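Listed below are the structures to be examined.
First subunit A sits with subunit B, and in the next complex the same chain sits with subunit C.
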Partner chain A sequence: MLSTESSTAPLTSEGVTAWSAAAGEPSFLTERRLQALAQYLATPMPGRRDETWRRVDLGGLNIDAAAVRAPAEGLVELSPPSAEARARGVFWGTPAEAAKAVPDVLQRHWATEVFPAGAALEVGDGRKFRALNQALWDCGYVCHVPRGVEVELPARAEFRTRPGEDGIFPHNLVVLDEGASATVIESYVSHTAGKGLCCPQTEVLLGVGARLRYILLQATGPEVVHIGAHRAHQYADSRLTLASAHLGSRLEKSFLGTRLLAPRARANLSGLYCGTGAQKLHLDTLQHHVAPECASDLLYKGALGGHARGVYRGMIHLEPGAQKTDAYQRNRALLLSDAARIDSIPGLEILANDVRCSHGATAGQVDPEMMFYLMSRGLPRLEARRMIIDGFLDEVLRRFALEAVIAPLRELVDGKLGHETGAASAAAA
Partner chain B sequence: MSDIGAEPGAADGASVAAIGTEYKFGFHEPEKHTFRTKVGLSRHVVEEISEQKNEPPWMRDYRLRALDIFLKKPMPNWGGELANIDFEGITYYLRPTDQQYNTWDMVPEEIKRTYDKLGIPEDERKFLGGVGAQYDSEVVYHNLKSKWEALGVIFTSPEEAVLHHPDLVKEYFGTIIPAADNKFAALNGAVWSGGSFIYVPKGVKVDIPLQAYFRINAKNMGQFERTLIIVDEGAFVHYVEGCTAPVYSSDSLHSAVVEIIVKAGARCRYTTIQNWSTNVYNLVTKRAVAYRDATMEWVDGNLGSKLTMKYPAVFMMEPGARGEILSMAFAGKGQHQDAGAKVVHCAPHTSSVITSKSVCRNGGRTSYRGLCKVMPGAEDCKSRVVCDALLLDDKSRSDTYPYIEVETEKVTVEHEASVSKISEEQLFYLMSRGLTEDEAAKMIVTGFIEPLIKQLPMEYAVEMNRLIELEMEGTVG
Partner chain C sequence: MSDTPLLAIEDLHVKVAEKEILKGLTLSLNRGEVHVLLGQNGTGKSTLAYAIAGHPSYKVTQGRILLDGDDLLAMAADERARRGVFLAFQSPVAVPGVSVANFLRTAYQARFHGAAAKATDKTVGQAGGFSVIEFQKKLMAAMKGLKVDPALATRYLNDGFSGGEKKQMEILQMSLLRPTLAMLDETDSGLDLDKLHVVGEGAGRLAQEYNMGVLVITHYKRLLTYIKPTRAHLLLDGKIAVSMGPELVDELEEKGFDYLKATYVTKSA
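And then the complex of A and B:
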């Protein structure tokens, strides 16, 4: 673990170098931090003329101030690696531990391929925040599963935001070698009231035939600004199953996506977002088909009450040569109050012709006909409404697959929306 | 893919290779002008245009304000590639003849020849409600059946309207699309010339389409027509425009503004067949407002131009208003059709449907870009958007960028889009019945855009089908 005092690390190359040295990082990590820092300093804050950020009200977020807190203990709790997995060569631990145990994995994949440090940023990307994470990451996990090893037990990482206005910058790396399989559960919570920035980044590499179930939970505190990026690179015949839930924070902007780089890779992306009060939840998804014969299927569902605003931006991008692609993208939003707002921007960019690509988006209220049906069978209004909302979200909840995840998640969602439906009905009555 | 040209029913004896590389309407007449402004844009040029048109000071002031806005606005950083437009290399105004002609015989010979080549025959007058044909900047020929005139229908150039119907123009001009709306609307506000002005009085139903044919003839000519259509309560009009330009090596700019007001209970349909040559930047702002129980329909076909950026809009202002937009785009080599539609539900109980069909081939790019917005309080709105794209080869590109913004709870908004190629099964089926691959592909594409063709007046449907056949020559193989 990094063990510097909780002193301030200035956003300069001297500051970052000193910090990295104090943590005893290998020189290649220091270099990548510096490359990212240069990129960060050269990149302007996203603004109104940047389509990806146009709808995001950063509200004068001072990331320079949020960024400068040095590493501290207790930012992340990792589930203990099983002795059996370890015996089979699986690594599960912090980046600092990885630098000692699996330096080659780190050197090859940490900020080199999925989000290469210092590389020119693409449109539709996290822009400045992506570089910021790579310069200042202060916690994280590394998961490496060697060739042919199948890990049964899910690996869990729970990140906790810092108190006050301090930021947290988790950087994570998942590498599954050929034919490996694993389940990773990554969650973000707040145990203390904080209004800092939570800015995670996860790089996933799936080798030939590898299979990953990746579960992502965003349940940070009500004052937190959460800006994250999670992306996979998939090679031939690999399979990614991503399920994400976006419940917390004051403002979230998360980039979720996968690149299908070799034939027959498959991705299943799904999730839900629930906004209440004055929450603003922005999700950007990417299904980037580079190779032929790949398939991706995406379903995101949102429920928005109070004055919440949801913005879903999705893109299916097919490169020339991505023939025989099957790609789907669905976004459905349920508006639970008159002041809630949803923007849905599902995009297609298709540069290959022998493909099947489609998308759909819907937005609307709790179906009055369903309400009528349930109430005519004697259910009170509130219960009928809740039943319809539950049914709406159930389709994605089931995609989280693990009962250990679904039950608490359902409880979180019910707690959030139960309050909302009650309030909405009371107002309507 | 060999002897298609020799097949019966294929191209008129022309070699297949030539088709698609040669623009059917690429001829041009030697330029003869009574007046043209200096190349480039300046306050002086704008003042000269205003002076040439004998405009009252209020219109000149409007132009100058629009010019200031144009100069201040940044170029859009989305849509197509606009960096190559040279605003200083364009002639903003020229006038081909001295006066408007109200019978065909008085139209100068070379202008008539141009229209003949375009296939607008003299006897079309017999069945067209009125033909306003624009040749470069001024309306040179105008004819509206006396029947409609007697009912109070006005169909004239906007210049005439400024002089003879100033109250109507002052009331509506620039109210639907203010100069500050976007950079190209501002440019049009400064240098507009020609276009159509239509007023249909209360309760009058013009049952034959009013038509205008726009054409750019002069080299480096910008065309900035301005159309204003007011359909009074309970009235109906169908306006049709087609656009063609000859091929020049340097790029031309067409930047029109079309404003439409559809009052309570009225209906307006506006049909465009855009077939500019493939060096024209076609950057157009079209918007309608529809009041209580009114219906606005845009039928928008885009075949030509180098780059089109055009998103006909309907703002539904009062309950019962309805917007319908049918958009069709066909992009070949070097073309980018960034077309789409916007519907904005400002009032409760309003509905809209957008149907988009696009076909791209030979390196062309079609982009559907659309907006469906439901404003706060606009309850019980329904909107449905369906986009289908057909990609004919692996060099072409199709994008879909729909924007859905819902700010009220009790609504139903649906969007669907799909992208596909001509299916092997369809081809196989048709070819097993004796069609060549080329014919089969043509038939499938024609079927694909059938819903749009059906909405066109007969003579346009024929022209459209013919144009698509020409575009489709030599597609497969």
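And then the complex of A and C:
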């Protein structure tokens, strides 16, 4: 590894092979990189013909210029694994460490099931970017919790975009064996301003009765393009609580979802988005019910100001076997300026008949009657407005559950919208 | 100075949704006085209260509203409130996601510690001369006094509140914000007899204790047993058609609007 610290290699199979070998990767990882690379090269850039990408303006992004890069220092910071968890067989570390400590977990699950390398790309998985991540991944984490072990302390991974135009390609894997439980907090930030590309992928596998709280925070710099895919496969009686916040980047396209593959799995999916300036946030969600008696409940809420644009695409897909499903999906947006825009595009594919299923989307402005009520109690206009916006987002913010996450998140949102409400009132005056 | 009324309304014209509702209303109210405003549904009683409180949809096209001699119309709603204007809403709006306790604390700070000493200061304890602990005590005492269910403090403001709970919440705010001018818009409707007693008595006591000027909008006498009126007005066709002693309320309750119109309005015309 050390010898490759500063090396880069071209985006060719020779380049990838050489680099992977120099990094001392097991051959199965090299093979999966090469499979993904071949697919990447054979796949066109997503364009206007592709429904899920039709509205995404990639604006001259040239990913073919991306190169294989050594896992530079400081791309990711992982919270230290607790000695106690380690003693109970929990693995938490980088993919390179995992290749040594838990090679069979990696061999079985890394780019094989959730997003299998080289397998046909599907709608809703990031297409060419999915393949690119799997060919080029340069950092990431692996979390493996063995059967019956419950980890109290959240595991944290914070990724930092590279300065300049170079991308980072984090690849992450969470495997909870039967009855295991854990909390993972995954965040993306930028320590430097300027352009960047952040292209993460996270594969989650929840065994029978496993419980995962998965918190995702996208807070990259204002000129970063962020294209990510995060998906779970859930087995019987497992429980996924996914809460994601989408605050940063110039352009985000994220795919978030779960497949409920065995009976009685349950998923609670929450998203908070907040766009200002000229930000474009594209969020695609998937609730794919394969097995009967599963439940998924999705709530996304966002506030958009300036010229920001949100595009929410939510797919509820019920296979013929998914009888007795409960699947709900709601997206609610608050528009803080006349130029802000939200498009909600629900997709329902329901092939089972004994199900309860609903979806709904609303968009509105800050209610003038609420404004008057608060102002009539002496609250200045800006404070009244902020209180209403905070109140609107509170429902989804609570779903992040951990006070250590909620408090800083609330501050990030307030900080962002503080500028927005100030600007709006200055324009109105 | 002492003969400046607390509230002076002169020739007030108010439009809402392009329709003129108030057409030259004149009214004057002093500290320590309780005026009752009567009038049939849709005559513009709430419109008057909104215009005084500064609701932007209720447009004053002519006339003046003065508070202690100062031009209220030049002030936005929040400034009027900080100057002591208070409206207990006929139908208070719900604000989901905003807890009652947080809202009340912010409003209290805005009224008594200046709008600048905002509740953004999340520190517990002293913040700009404002003590969160002291406020908490005040709030608890006020809630107890008005028999407000303590559980409401942690709920979202008016969200899912019963009709009576909303009205209690309005008077709770009045008791914390201690206005100089209190307008009670059908506060009695929606309250059961027990609550009416507690809330009515509470409002009456507050009004007296702080020498407020009070404008009570109501269709019934029942609230007025707790807040003794000193004067009564009948609103008709956008104007005060009759102003007289509180006996007007008894007459209305006994004989109805048509009698009042026939007796007083045609006589004075």
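Here, the second predicted complex is superposed on the first by the 419 of 429 C-alpha atoms of A that agree within 3 Å, B and C clash if a C-alpha of one lies under 4 Å from a C-alpha of the other, contacts with A are read in each partner's own complex, and residues count from 1 in each chain.
As a working rule, contacts are C-beta pairs under 8 Å (C-beta built on N, C-alpha and C of every residue); 3 or more make two chains touch, one makes a residue touch a chain.
These numbers come from a predicted model, not from an experiment.
In this overlay on subunit A, subunit B fits alongside subunit C without clashing.
Contact with subunit C, but none with subunit B, is seen for A:P380 once the two complexes are overlaid on the shared chain. Contacts of A:L393 after superposition on the shared chain: subunit C is touched, whereas subunit B is not. Contact with neither subunit B nor subunit C is seen for A:E113 once the two complexes are overlaid on the shared chain.
Looking at the superposed arrangement, the partner reaching more residues of subunit A, out of subunit B and subunit C, is B. Touch criterion met: A:G347 reaches subunit B, while subunit C stays clear of it. Applying the stated contact rule after C-alpha superposition, one finds that A:F372 touches subunit C and leaves subunit B untouched. Superposition on the common chain places the nearest Cα atoms of subunit B and subunit C 13 Å from each other. Listing the residues of subunit C that touch subunit A in their complex gives 53-57, 76-78, 80-82, 86-87, 89, 92-93, 95-98, 102-103, 106-107, 110-111, 115, 118-119, 156, 173, 177. The part of subunit B that touches subunit A in the complex is made up of residues 74, 77-78, 376-377, 389, 391-421. Residues 367-370, 372-381, 383-384, 387-388, 390-395 of subunit A touch subunit C in their complex.
Looking at the complex, you find that subunit A touches subunit B at residues 49, 51, 320-321, 323, 333, 335-365.
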